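Each of the two complexes below includes subunit A, the first together with subunit B, the second together with subunit C.
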Partner chain A sequence: MADPADISRRIGEFFEAEFPRSDAVLTDTTDLLRDWLVDSAGIVSTTLFLESEFGIQMRRADINAVHFQSIRSLTAYVVGRLANPRGK
Partner chain B sequence: MSGLLGGAPVTPEEQRRNNGHRHGWVLAVLGVLFVYLYCFTHIDRRLGLPAPQDLAERMGIRVDHVFDSDRNVDSEIHVSYNAETYSNDDERMVLFLGVGVAFVLVYYLPVAWKRQALLAVTVVLAVVLYGWAGIALFVAAHMGVYLILHPGLGPRPGYAALAGFLAGSAMVSKSGGMLAVMYGTLWAAMGAAFYRFVVLPGLGVPRLASVLRVVAVQSAMIVVFAGAILNGLGGGEWSLPLGVMLFFWNWERLMMYHIDHQDGLVPEDIPLDRYLGVFLSPGTIPNWNWGVTIGQGYAYVENNFLAEDKNHLIRKGLQLYGVALVYIVFGDWGHEWLVKFLRSQDLYVFHRVKNLSRYFANGGEVSTPTVLLTTFIDVFRWMVLWGGVVHFKVGTWLVCGYKCDPYFNRPWMATNLVTLWSRFTFHYREFLVRAFYYPAFFAMPKVARSVRIVLSTLAAATFGNFVWGHMSEAFFYKRIRFESLLDILPTWPYFVLIGVGISVSELWLLRKKRLRRKPWTLDKWLPLDVLAAYGTLQFYGLIHVFFYRHDGGSTWNDTRLFLIGFGIHL
Partner chain C sequence: MQTLAIEYLRATAQRFPERVALVDGDRRITFAGLWEQGVALASAILQAGVGGNIPVLLEIPKSIEAVVGLVAVQLTGNIYVPVDLAAPAARRESARLVLGDHGRLGFVQGEFVWDGVGLGPVGKWSGKGLPEAVGRRVAKRNSTDPLYVIFTSGTTGVPKGVTIANASVIDYIDWAVRVYGVTEEDSIASQAPFFFDNSVLDLYLMMARGATLHLLAPMVLMFPATLVEYLRDQEITMLFFVPSLLSNLASLDMLAQYSLPRLNKILFAGEVMPLPTLKYLRRHFPEALLSNLYGPTEITVDAIYWVAGDAASLERLDSVPLGWACENSEILFLDEENRLVAVPDVQAEICVGGVGVGLGYWNNPEKTREVFIQHPGHPAYRDNVYKTGDLGYVSSRDGLIYFNGRKDHQIKHQGYRIELGEIETALLKLPGVHQCCVLYDAERKEIVAWHSPVAGLDARKMQAALRGALPAYMVPRRFVVVEALPLTANGKVDRAGLWTLYQKTHHG
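Take a look at the complex of A and B:
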């Protein structure tokens, strides 16, 4: 069973390492699209990270503002995908 | 980049919270629109005011390339495809007044009525500017798409009848009112019957339904390619009625809407007015064929309406209106000044890349500085001209309550091609990413990530950009002829080079350790930012020798010109 707290921590570490910011603090609820990611290359690199780190397979429809809103929403997405790899 | 991925849905409560009135902002918007009216229309004559050029001269200001022959300011904002009824200045006057009316209504009406009001004003504005028949055909075409993407009974057979009436009456509108009504009535009956007994049963068959949906969404591409190929096979030349032409210019946004539909983001029971509101907003009217992806698809329009305090949105819109004014008024002047300045320094530059290509194709010799400077300042010319118009369009979306990302965001600050793509054409880039990059990216999950990225980028920046972005435009601009296809095909190296350049930038961005330092921070690394920005813009400018090529030239000649930019003379 995936531990949401662990998933959240690993996603947070990824953002801190890949998109470091000295002028803002990253929390579980930081608006990633507005305040953290800078471009679509950031979305692609996050997608690659989620696929390799958690062994999930993402689909085009999963790339949306609801999932990428915050670390919390990305964690919920990963937890859901791990529980139901083929589901919608 | 608030609109990355289209933004998150906004609740009705948030919209109500973001709807507080501050009358000062209303006056500010109307004031700025009056400045536009004064600069770019003949309103000075109607109000007994001095013409802008006369006013400037009274103030001792004499500049070239700002005013036109009727002594107001030359403008790139215009109403496309309509030179029959009005002069450009009259059209602009209608446009600015219409934007003003739409703004006041959307500002003061209750939230539930705002978007219906925007749709109604846009339809009226379009009828005044394009004529009843043009807009009737445009709306009928969209109703056809709506009925296919969102099939059902209820009012829909009635909508099919209405679409039939609009299309039928529009086609004979020049023959008089009675004939138009009779023809429209006949088409209405046929439309309703065709929908009820042919289309609806067809949409009940899943495979046929998906074919019908693709045909509806890709109708522009299907028609122009079929027309060009038939023309090449010896057939006649197809010409499109105005309303169909206006509808076809929505092809990229239709694809975005279809992607949202496939992703389950569009409610199946979406009302017709909400559907039409995606495509008909005051910001779509100016330069109909410029920045056509502004507004994107359903999710972007839906999720960004009153997604922020409307007065903040107005402030952003006014900033864009202000910057647009500077670009439009001084763009030509700045370009001419640069050309003259460089020539005075014994650096020969051409006004346009096209002139350089023609000179070189005809046997002229050019130096590396000439190639680099000409391609660089032609990018500057186009950026300022383009930026002015798309800023006005996005500014109009913003003052009308949409949290719309700028299409154009100081592209000269881009320090790599990925950022340039985003800063220069944000909404178009989003179209290519969603329509081509993501499908390619997720179709090959098992391959190495660098291969996955390169192939996805080539699918978007090269293939999508070439075929869906520019090839179709060539038919709309140069008519549906086989020659139009032959004209655009030799520009392929431009699209390959931009795709390769963006791929390399993406791989570099993914592999390098991201720094806490942001570009353009005032520190010892600033010169590197300047160098990277110059290199990015110069590369982008230089590859235009393959795009603005001499009609009689060859790819080898274009390649030689390109290499001269690197100091290689072959």
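Take a look at the complex of A and C:
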């Protein structure tokens, strides 16, 4: 059973390391697209991270603004994929 | 003979009045509509009072209104200067200071604004020909008059305004139409912001040929699936992107799941195209035209181009070539003494001559003289070549020009040209920063700053302060505090040594 708190922590650590920002604090609800300056290349590296870190396959159509809104929404997505890897 | 770039639109509006010129989200405008609105806005601006041949800041986000604005500026006999509205106010102010006497065109709450004053309802021009005042202005313009000024990064922190003439754009667009076979049946996806000169190809191909130009929204460009779905659903036939955007599609193997049968012309420029990305594109578009283009802002968009062959031919390459000189461009290789180097495989500075060479930097004769030099082979008459600062060579293997790095500290990041010296200048303006060095990690695609310890100014405050001075894409992602920067024997910062140290820590 996936632990959402652990998934959230690992995603947060990834963002802190890959997109460090010294002038803001990253929380589970920080707007990643508006306030954390994740660009299109960042979307790609985050996708590749999620796939390798959690062993999931992210459907390409799922790489969208809804799922990339925040660490909370990414965590929910990962939890959902782990629970139902082939589901829609 | 065509004198002004705006004549493209005038002719196309007559030929294809009802064809769609621009798609901006859910909104569209026809060629007739674009022309009529542009003329009406030009009349309104002239009534507000403006001289001729002055730069006009286009302070409008990329949209239908921005295109109407740049059409109108040309029809008032002036020069448009697209503004990066996301840039810090201080940087925009320094660009304004460079321009001297200038106008400002904005679009606020549904109304065009000239020099801060609303112009009221502008409407459309429905008369024949041009209104008298507009016609007088247009008649006074010559082909050598500037069409646009685009600002680029400058090492001292003051941006440089590259000035490009009408004739240069006409020559370039006519060449592009011939080489790429663009017609009114094409739908072009526009990625480049208007303050990035790749947009010149998008805009004037649309105007010249009656092709439809789709102004892609930032959120469409952000997500690969959204982008590919847009290209598919809107039946895009041609695009001109920075390579990193195409690399995103390859990294996620987007084209395994999405088919784009209508896309048949893929052009790229602005940074080095990775060979694996090119091979990926060729695999998924075996019949499409894939073309690499090269040209700094000081040249009218591009001076060198290459058209990729089939998949087998790409296997014989070690890197993606820049290619051959565009028609009416001349490529020279000069050594440190500005002497011609004509030996294949010998690296030298890439210099560009021909009609596409810019007029220089606006109000900056000193910088202009530094890099726009007399053609060494034509000493008897004025003929400028532009020293790009890029290093390259002609390969004896295939006769193509290849890029081989920079001779200075300029980089390309997210498609933007950045002088690392400008970032260092901004850092050194922060109180207490006495020593710094900025390098680019090309592998991780991030800017890294080293600086001496500063009491009372931690990395958080430093990053926040730089955001007030530099565009977001120029603010370093990582800051490293060092007691003292390593120096070379002649007392300069040892960039190579610093880089080696950094690689050991961050790249294993």
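Assume the second predicted complex is superposed on the first by the 86 of 88 C-alpha atoms of A that agree within 3 Å, B and C clash if a C-alpha of one lies under 4 Å from a C-alpha of the other, contacts with A are read in each partner's own complex, and residues count from 1 in each chain.
Here is the rule we go by: a contact is a pair of C-beta atoms (placed from the backbone, for glycine too) under 8 Å apart; a residue touches a chain by one contact, two chains touch by 3 or more.
Quick caveat, the model's predicted, so the values are computed rather than measured.
Undergrad: Which partner chains sit in contact with A:Q69 here, subunit B, subunit C, both or neither? Use first/second/both/neither.
TA: The first partner, subunit B, only.
Undergrad: Kindly classify A:I43 by the partners it touches after superposition: subunit B alone (first), subunit C alone (second), both, or neither?
TA: A:I43 contacts both subunit B and subunit C.
Undergrad: Going by the contact rule set out at the top, does A:Q57 touch subunit B (first), subunit C (second), both, or neither?
TA: A:Q57: touches subunit B, not subunit C.
Undergrad: For A:R34, using the defined touch cut-off, is the partner it touches subunit B, subunit C, both, or neither? Pick first, second, both or neither.
TA: A:R34: touches subunit B, not subunit C.
Undergrad: Which chain, subunit B or subunit C, ends up touching more residues of subunit A in the combined arrangement?
TA: B
Undergrad: Tell me which partner A:R21 touches in the superposition: subunit B (first), subunit C (second), both or neither.
TA: both
Undergrad: Taking the two structures together, which residues of subunit A meet both subunit B and subunit C?
TA: On subunit A, the residues that contact subunit B in one structure and subunit C in the other are 19-22, 33, 37, 39-41, 43-44, 47-48, 60-61, 63-65, 68.
Undergrad: Quick check: in the complex, which residue numbers of subunit A touch subunit B?
TA: 17-22, 33-34, 37-41, 43-45, 47-48, 51, 57-61, 63-66, 68-69
Undergrad: Provide the residue numbers of subunit B that touch subunit A in the complex, in ascending order.
TA: 1-2, 4-9, 262-265, 299, 303, 418-419, 422, 429-430, 433-434, 437-439, 441-442, 445, 449, 453, 506, 509-510, 514-516
Undergrad: Given the complex with subunit C, which residues does subunit A contribute to the contact?
TA: 19-23, 33, 37, 39-41, 43-44, 47-48, 60-65, 68
Undergrad: Can you tell me which positions in subunit C touch subunit A when the two form their complex?
TA: Touch list, subunit C to subunit A: 219, 221-226, 229, 244-245, 248, 251-252, 254, 257-258, 414, 445, 458-464, 467, 472, 477-479.
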